[in-house]
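Residue numbering begins at 1 within each chain, and the chains themselves are lettered A, B and C in the order written.
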Amino acid sequence: MAFGNAMRHIPATRPVVFHARLIIGVLLLLVVAIALPFVASGYLVFQLTLTLVYAIAILGLNMLTGYSGQISLGHGAFYAIGAYTTAILMTRFGVDYWWTIPISGLTCLIVGFLFGLPALRLEGLYLALATFALAAATPQILKHNGISAWTGGVQGIVIIKPDPPHGLPVNADQWLYLFTLAITIVMFVLAWNLLRGRIGRAMIAIRDHPIAAAAMGVNISLFKSLMFGVSALYTGIAGSLGAIAVQFVSPDAFNILLSISLLLGVVVGGLGSIPGVIFGALFIEFVPDFAGQVSKAAPWAVYGLLLIACMYVAPSGMAGLARQTLASIRKAGRAWPLA
Amino acid sequence: MTSLLEASDLRAFYGSAEVLHQLAFSVGEGTITALLGANGAGKTTTLRAICGLVRSSGEVRFAGTPIGGRATEDIVRLGIAHVPEGRGTFLSFTVEENLQLGAHVRRDKSQRRSDVDRLYGYFPILAERRRQQAGTLSGGEQQMLALSRALMSRPRLLLLDEPSLGLAPIVVQEIFRIMRRINAEEGMSILLVEQNVNLALGLSDHAYLLETGRLALSGPSKELRKHEAVRRSYLGY
Amino acid sequence: MNGLLHQVFSGLATGGIYASLALALVMIYRATELVNFAQGEMAMFSTYLAWSMINAGLPYWPAFLLTIGVSFLAAAVIQLAIIRPLANAPILASVIVFIGLLLVFNSIAGWIFSYTIKTFPSPFPSEPLWANSYISTHEVGAIGVTLALLAILFAFFRWTELGLTMRAAAENPVSSRLVGIRVARMVALGWGLAAALGAVAGMMVAPIIFLDPNMMSGVLLYAFAAALLGGIDNPWGAVLGGFSLGIVENLLGAYLIGTELKMTVALAIIILVLVVKPSGVFGRTVLTRV
């Protein structure tokens, strides 16, 4: 089955040869990324900031579902926790926005780890069920009167856009973009290191051969919970940055459709692919705009069809398709007879 | 004598590993043929390949019709019954229900009752336990049930996988006696996989010896009994 | 006492609906070891189909039966065409497809029928039976329909040949193949029956909570909780779980925590079951074979 092979396609240690081409490519990408806010309109900068935010969230989910094989349908809940943590800290406690990021990361790490402990003892389907329920219940929990003193209840919380630091020749939107970009780069580098090293190999071992992994001394439950926590941390940080960018948090923004969007980002970009995450983020940020012009329901119908189609046609998402295309180009190139 | 089942160049695969290599064998109509070999030789895999339960290539013909690549449920409907290793009984169903399911492919439901009674005649203990859950039966009783279930479909060819495994000798004797009787009275062809070489050679007309997925020896059972290599490795003298 | 009885009775009515949907989930789980996350949205879509038929002038009961038939067929086709090919792929693939189906049904319902809330007729008279103040006639009717359906299904599985065959295919697909049972068809039939159950659940609940594309999300969550509580592979457990949760939901809502935390209650129950006894009250223990 195409899907099965796709999952196995993720190599244990991808030998990254530091081609000059690769380094130049990444640097070029960085230059473009940094230059973007200065050439794009204000609204586009905002959209790009959100793209980066989603990239971090999708990266978190991908580490869990793509690499570790644990199905989470409820990562929107952690996004919400991150967003509300930042909102509450900034508006009720006057904490500076940059401090709220690590705090919400830590909060989500703990909550994720605790949620993971019982849920991950069981097989994938039960985790999917539990996280589905979590996502469905999140807006209701956020609206609850008991905590509305903190959360603002149904009306939510408004956040004031932070000012750029003195002296820098950027406006608030551009600063926010660059701030987010910096954090995104850090998170990506950390993830890349994590996954290439022993931890990444352990995750793949647990995913593909759990019994062998346990026999070799990997403490599976603890490890899975830890991975869940880390994945939640990523999504929580994304939520914080997202809240600052949107300047508003409210319960209904964090419904199950958010969790499904994140999952879609993972699937479309490619399970287990880090570069694919960027594509997934671009996808879920910009496609609803286009599709939404047709009708309010259209984006979701498209998403649904795409989810199904991906499992058949492109189980490893864009990253897989890109890899296949590159491979066939290379093969075609080699087919030319030597002079 | 015509061949009811014929296999040539049969290969079987678990994943990408080839476990049966270019097997060629046949089961004559009305005969009992034994497939022998040590643990892991590929005997069970051969039966599963015939039934389409494992990926295979090559040619398998049943009564002249090629059956390679067909779905298990279609192959079975052609007149083959398979009693798998581990018996495959429907554990939470009663003895009667198991037999009823065995007759699933039969068009003539009216005959079913008399068939059930006939089988209860062969195995009276099953009649006693007819309303019991199959999972509560002993090993020997489950083997009788599995065999009966297979016979309910009135197959032309019966595939039996290790019927003696884990059973007391007296029970094994009983089962083999019934098999001999069914073969003699109804002319049912049997392909028997057995680790107990002595018993198998005693019951069968013809035998094949498998070693690590390949055919090592074949011939009439009486002769194989006297064959040097068989005696040394499998009969112990 | 008045209020308590009322809560219990109407809890039984919604409980019956949870029971139907939970049973649908359990049936599919037993046959395929998968949970159909799209069951609620499919039921909602069936209800909209019924609504369209009734709106077009068809009397209630013919529309009811026609909806069941169409839902049955559509579900069987979906199973064969979209779900079955992924049977050997990792569970993640099937789960993603279920989510995809969820989105498709939800959004197409919204597209075709709009998101404005609609009323759905009840086939039962609106005057309460014997002028009682505990339970509406529709609620009695809903309980009755649910019980009738469950009885029909029980009889079907227990006493018919096809029912026996379907049970066998669910319990042991390999042995079933060996007796010639076309397992793929049986699974498709199972999906059809599950969809039929869902359609009835939708049509019974719509007069109470009104028809809108998102009406089944809460019901589905409670159905999940009921199925898990009873044991995800146990149909009796699902039914018992469904009725119990209907009552529990009402009592908790009326006397303890108010009506705004219904989903949260379902979540709490799901987590509780998974932590304390994942196999549910009546299910077989979830052992992963080493």
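FYI, a residue touches a chain if its C-beta (ideal position, glycine included) is under 8 Å from a C-beta of that chain, and two chains touch if they have at least 3 such contacts.
Everything numeric in this text was worked out from a predicted model, so none of it was measured.
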Most central chain, Cα average position: C
Chain whose Cα centroid lies at the greatest distance from that of chain A: B
Inter-chain centre distance, chain A versus chain B - centres from mean C-alpha coordinates, in Å: 54
Centroid spacing, where centroids are CA-atom means, of chain A and chain C in whole angstrom: 33
Centre-to-centre distance between chain C and chain B (centres being mean Cα positions), rounded to whole Å: 43
Complex interface listing, chain C residues touching chain A: 33-35, 37, 82, 85-86, 88-93, 95-97, 99-108, 110-111, 115, 217, 221, 224-225, 228, 260-264, 266-267, 270-271, 274-275, 278, 286, 288, 290
Complex interface listing, chain A residues touching chain C: 1, 3-4, 7, 65, 69, 71, 73, 118-119, 121-126, 128-130, 132-134, 136-137, 140-141, 143-145, 211, 256, 260, 263, 267, 271, 295-301, 303-308, 310-312, 315
Of all residues in chain C, those that touch chain B in their complex: 161, 164-165, 167-168, 171-172, 174-183
Chain B to chain C touching residues, read off their complex: 51, 53, 71-73, 76-77, 81-82, 84, 88-93, 97, 100-102, 104-105, 149, 153
